[in-house]
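Below is a structure I'd like to ask you about.
Per-chain numbering from 1; labels A, B, C and D assigned in written order.
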Amino acid sequence: MSEKPRVVVDPHFRKMSEIFSDADLSRLHQTVDVVWGRDDAMPVDSARAALGDAIALVCGGWRYGTVPEDACNLRAIIDVSGGFPETLDYDRCFARGIRVLSAAPAFGPQVAEMALGMALAASREIVAGDRAMRAGEERRSHLGNATTFQLYRQPIGFIGFGSIARCLRPLLAPFNCPIAVYDPWLADGYLRSQGVEPVSLEQLLATSRVIFVLATPSTENRALLSRELLARISTGVVLVLVSRAHVVDFDALTELVLQGRFKAAIDVFPEEPLPADHPIRTAPGAVLSAHRAGSVKEGLWELGRMVVDDLEAIARGLPPQQLQAAQPELIGHVATSRIPKPRS
Amino acid sequence: MSEKPRVVVDPHFRKMSEIFSDADLSRLHQTVDVVWGRDDAMPVDSARAALGDAIALVCGGWRYGTVPEDACNLRAIIDVSGGFPETLDYDRCFARGIRVLSAAPAFGPQVAEMALGMALAASREIVAGDRAMRAGEERRSHLGNATTFQLYRQPIGFIGFGSIARCLRPLLAPFNCPIAVYDPWLADGYLRSQGVEPVSLEQLLATSRVIFVLATPSTENRALLSRELLARISTGVVLVLVSRAHVVDFDALTELVLQGRFKAAIDVFPEEPLPADHPIRTAPGAVLSAHRAGSVKEGLWELGRMVVDDLEAIARGLPPQQLQAAQPELIGHVATSRIPKPRS
Amino acid sequence: MSEKPRVVVDPHFRKMSEIFSDADLSRLHQTVDVVWGRDDAMPVDSARAALGDAIALVCGGWRYGTVPEDACNLRAIIDVSGGFPETLDYDRCFARGIRVLSAAPAFGPQVAEMALGMALAASREIVAGDRAMRAGEERRSHLGNATTFQLYRQPIGFIGFGSIARCLRPLLAPFNCPIAVYDPWLADGYLRSQGVEPVSLEQLLATSRVIFVLATPSTENRALLSRELLARISTGVVLVLVSRAHVVDFDALTELVLQGRFKAAIDVFPEEPLPADHPIRTAPGAVLSAHRAGSVKEGLWELGRMVVDDLEAIARGLPPQQLQAAQPELIGHVATSRIPKPRS
Amino acid sequence: MSEKPRVVVDPHFRKMSEIFSDADLSRLHQTVDVVWGRDDAMPVDSARAALGDAIALVCGGWRYGTVPEDACNLRAIIDVSGGFPETLDYDRCFARGIRVLSAAPAFGPQVAEMALGMALAASREIVAGDRAMRAGEERRSHLGNATTFQLYRQPIGFIGFGSIARCLRPLLAPFNCPIAVYDPWLADGYLRSQGVEPVSLEQLLATSRVIFVLATPSTENRALLSRELLARISTGVVLVLVSRAHVVDFDALTELVLQGRFKAAIDVFPEEPLPADHPIRTAPGAVLSAHRAGSVKEGLWELGRMVVDDLEAIARGLPPQQLQAAQPELIGHVATSRIPKPRS
């Protein structure tokens, strides 16, 4: 009989080898007694039974019914999807001191890097310039820079200041850009303490040369960037959309980019796969990416590393330190609609 | 009669309004008595005569014959092309204390930004991903990331540690990459003092995940990256070429990239315009740009700003502080072949 | 009748004007309906009654008996002392979703600055050098540097990685020092993600040139730095003690510093005021400070700023964002013995 | 017979082991054929003769008469004192392409560190606080902080932007202080490009909370900080004097500090040793140091490292890269009066 604490590992949504590097998988087994730990979905009954003496559950969303009464040692429910579980009884978890943890912070570095890369691809017209070269229609030197700009010292706007924004800010630091932030979930004083300037959404859209849409989808922010607001964006601006299309009136965005009103770099879409005839596919001023910002191979291992680190902490009777804990005040507002991911 | 010192301004190669913002042009006229200062080329005889009592010449290469004997007050020859003049009698300049200044440092920030953008466009396959979206052939999420990688903590190699490298290093700093440098013109101790590791070219090619070719062309480095050396580059590496094609065996580079041996992001070519049927135009693993890294509009104003700043210094009897002074030890080795730039 | 949410403000331990700048006091009143808000202690009965419809309490420790049953809207208990309340029923708070918040993070910047200043005062012998000048016994130039050292690239050890350490790390960043950390409350992976190296206490003491004692006192770490461990510290090392004397065998520390075994910079003492004849007062190798690291005037306003920021968040139904929330796993281990502070 | 280039090494002013670490001494001998290389002064005739086929001279000031006609290979005169030689025929050196190099940059890191340490010792009253503890007169906690302040975000002034300032700026970076600079030898545009704001001396004195006097003594800046200017400094300011007392009216400074008008941290004095009865020795608001900022043991090895690095470059036919080259425009203005250093 093992003396290590038990952890139920049922990622099902992701493969074990996708999220855990060999080193971290080995560390996981050294730290805790892994129950299940397979790629296929654990039968719900078995899972419920196993939770009886587990200290934590690693899962891809909650699909286990009510939180079992006899799960007295359960300290953490860790969702590896990147969001929080949809159907969980959070109140019960909070009252019983069970932390519900999202792996969202693990995606911050790679999404932030992609956001910077897509911003530069749009501002310096790296994508359009390559397309012109392949078509034999390139314009050289300054003739090819008629509508490009440098990032240095440009005013930047962040819509949302969560995991991605926190990772993007240091990447932008050497460009010496003032950063304005709109995030209704954060107090102005906190934002200022982080070296960014809290502003209204209107002001952000009116003054930013590059706008990064980084907001977690919530019950309040569907189409937050409405047609009317999008129409206020100035000519020559770059809008980078990497969190969720939920936040934007995508039809309006498509029209405005097709009209050449501003440029957009887009990694997420209202439907995925995007219909083959969607007009955004032809927009010269767009940089398009097929929901690829958060799924670099080694990047998912960052998720596994954080999970094992936090399980180590929990096994030692400490609070988790890297994953994001659900907050009672916010959890009701988080939109949890997920776009199904393809499996290879 | 003016009491301000005289400066002959004959950029001819570039337009006045391209290099000087309105503010800097106004500052130029406040600081010195501008002779010529027009977009068309100054007649050589007039220029030689005007040098007689000028403290400096701003020019696009030297095309004025011998350095005039009576140019007793001449303290600086400022070339705005981005390199050093080809035909100048440097020994005479050095002996008479005339500084020969290149505007190369003004291009550092914009070329470095483009180099980072092109590196990310290749490593995260932003260009190829956009092309797939437009063709309706995209692979989503992790399926679209089979051959991408993140920059964080990757070993980076710089071939050449001049103006571009000095500007690129801070942009890479937040990625926490160790940087190896090959630069035969710099002592190991100096490079270490700059926080980079001096290595041989062979070692750099064998160990770097991203290779930035940043070297000034010299009489010794033509095709420095020979077919043999290029063949040593590992699969999955990104090579970014932004200084001059001079440094690379371009035929070999083209073949290797077409074979998919590594990826390349290329802004400079052995012939410009590149022949319409050049095979690199079709390489899936290439990011192609038509010599656009150093010609963003506001970027050229950085050149003008530096010129006026240094003229202010010279007019006050001080050494110039921002432009790059020719060094007697190196000037004989600098290759000055220039690719003609298009005029709009 | 006010429609703003009510907050009971009873700092008593600190004066209102000490913790709130005029601007923040005004902001406090704009945000919430302040109950009490005076310098003298609120009568306990009045306080208990007022908690009935308050959303938060700002206090200097908990002296209000049981958490009132009817305090149904209470979301936060904010202790402005710098620690957590001693006598509070934490389990009840956790079960009812009442956050218990410490103002410790507000002290981080000023204590970290003092820690750096004291470290340099010891390593460069700024205090001893000044004393020698006043005595007319100075040794000049390199003769006065026989036992000094520079901080650049020296191995540094942090005992404890909390608020102070997080503020000290960026101050040390330009010195390029590797930082080793001993903190039994944090997982190795988390520490590595913060750019520091987790080590055992023994290894830290054996390898660090400057040792910063930054640990919060806990029930487990009394005299953690025992005589035996202190005896392992190498000659020439600087030990900086700025969190609590609790963590150190102070008699042993005094003897070793008097013997000249290593240098120490000390801001906290086992008794305060320190007895007039305590031998540490005469140690040539000591830098002594009378518990002054965390009480710079404008520094306390940082506390008030954070309190008002977090009250703004709570009033808007958001989680607090800057103060430190008590964690169920740790709160039982935190030592809450406090040294009484003088009042002017 | 050696084929390595010859270098005459005659530091005399400093001992070989003071300036060269064992590793660098070994590297020196591997790189060049060292002539002399002893602690005692080389006979002048021998030195002149040896210069005939040397590529460089390492010396402690120039005491060899005219630059020998037959020194045809001489490329560099390297002064290890920290300044430029007094009596050298610079015009001849410039005309013949002999670089005159100062080791001043080697002192930048250690003097900058001391300047920061002394600034904090004054602003946080670390020295005065220690003195009070030893006298049993300490005031604890906030009572001991009546006249202290934190450095964060305070306006800083640099008088002089040379080697020390360039090393001090990154040390101050984490404190987020705006930095104003007065340096008549540098153009405004250059200073702005370095992230500092050029201002007049009057404005600097009127607006800075901490004033760092970092200027190289010149023929124009004797007592630049006159009684009248010093009198404009606000109460509560800290003045840090670490370059040379030459720049300040020291009598006026002494009086104002004794009056408690502002605080001063002083490492350099008009006479050294300072007379035993000099009144500054008793000023409560002073932090005093006996010219110790630039003579930490390992710090001098930085000098040796730079010398060997630059000799390596010169031996390879490259320009030196780390030592500071005399500029024709400035050399006539540099004051070279040196304070004799004690020898152990």
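Quick note on the criterion: contacts are C-beta pairs under 8 Å (C-beta built on N, C-alpha and C of every residue); 3 or more make two chains touch, one makes a residue touch a chain.
Computed from a predicted model, the values in this text were never measured in an experiment.
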{"item": "Graph distance between chain B and chain D, where chains that touch are linked", "value": "1"}
{"item": "Chain of greatest Cα-centre distance to chain D", "value": "A"}
{"item": "Mean-CA-position distance for chain C and chain A (Å)", "value": "34"}
{"item": "Distance from the mean Cα position of chain C to that of chain B, given in whole angstrom", "value": "50"}
{"item": "Set of chain C residues in contact with two or more other chains", "value": "none"}
{"item": "Touch relationships between chains, expressed as pairs", "value": "A-B, A-C, B-D, C-D"}
{"item": "Residues on chain B engaged by chain D in the complex (per definition of touch)", "value": "94-95, 97, 185-190, 193, 305-306, 308-310, 312-313, 316-319, 321-322, 327-330"}
{"item": "Chain A partner contacts - residues on chain B that touch it in the complex", "value": "18, 109-110, 113-114, 116-118, 120-121, 123-127, 129-134, 136, 138-146, 148-152, 170-171, 173-175, 272-274, 276, 281-282, 286-292, 295-300, 341-342, 344"}
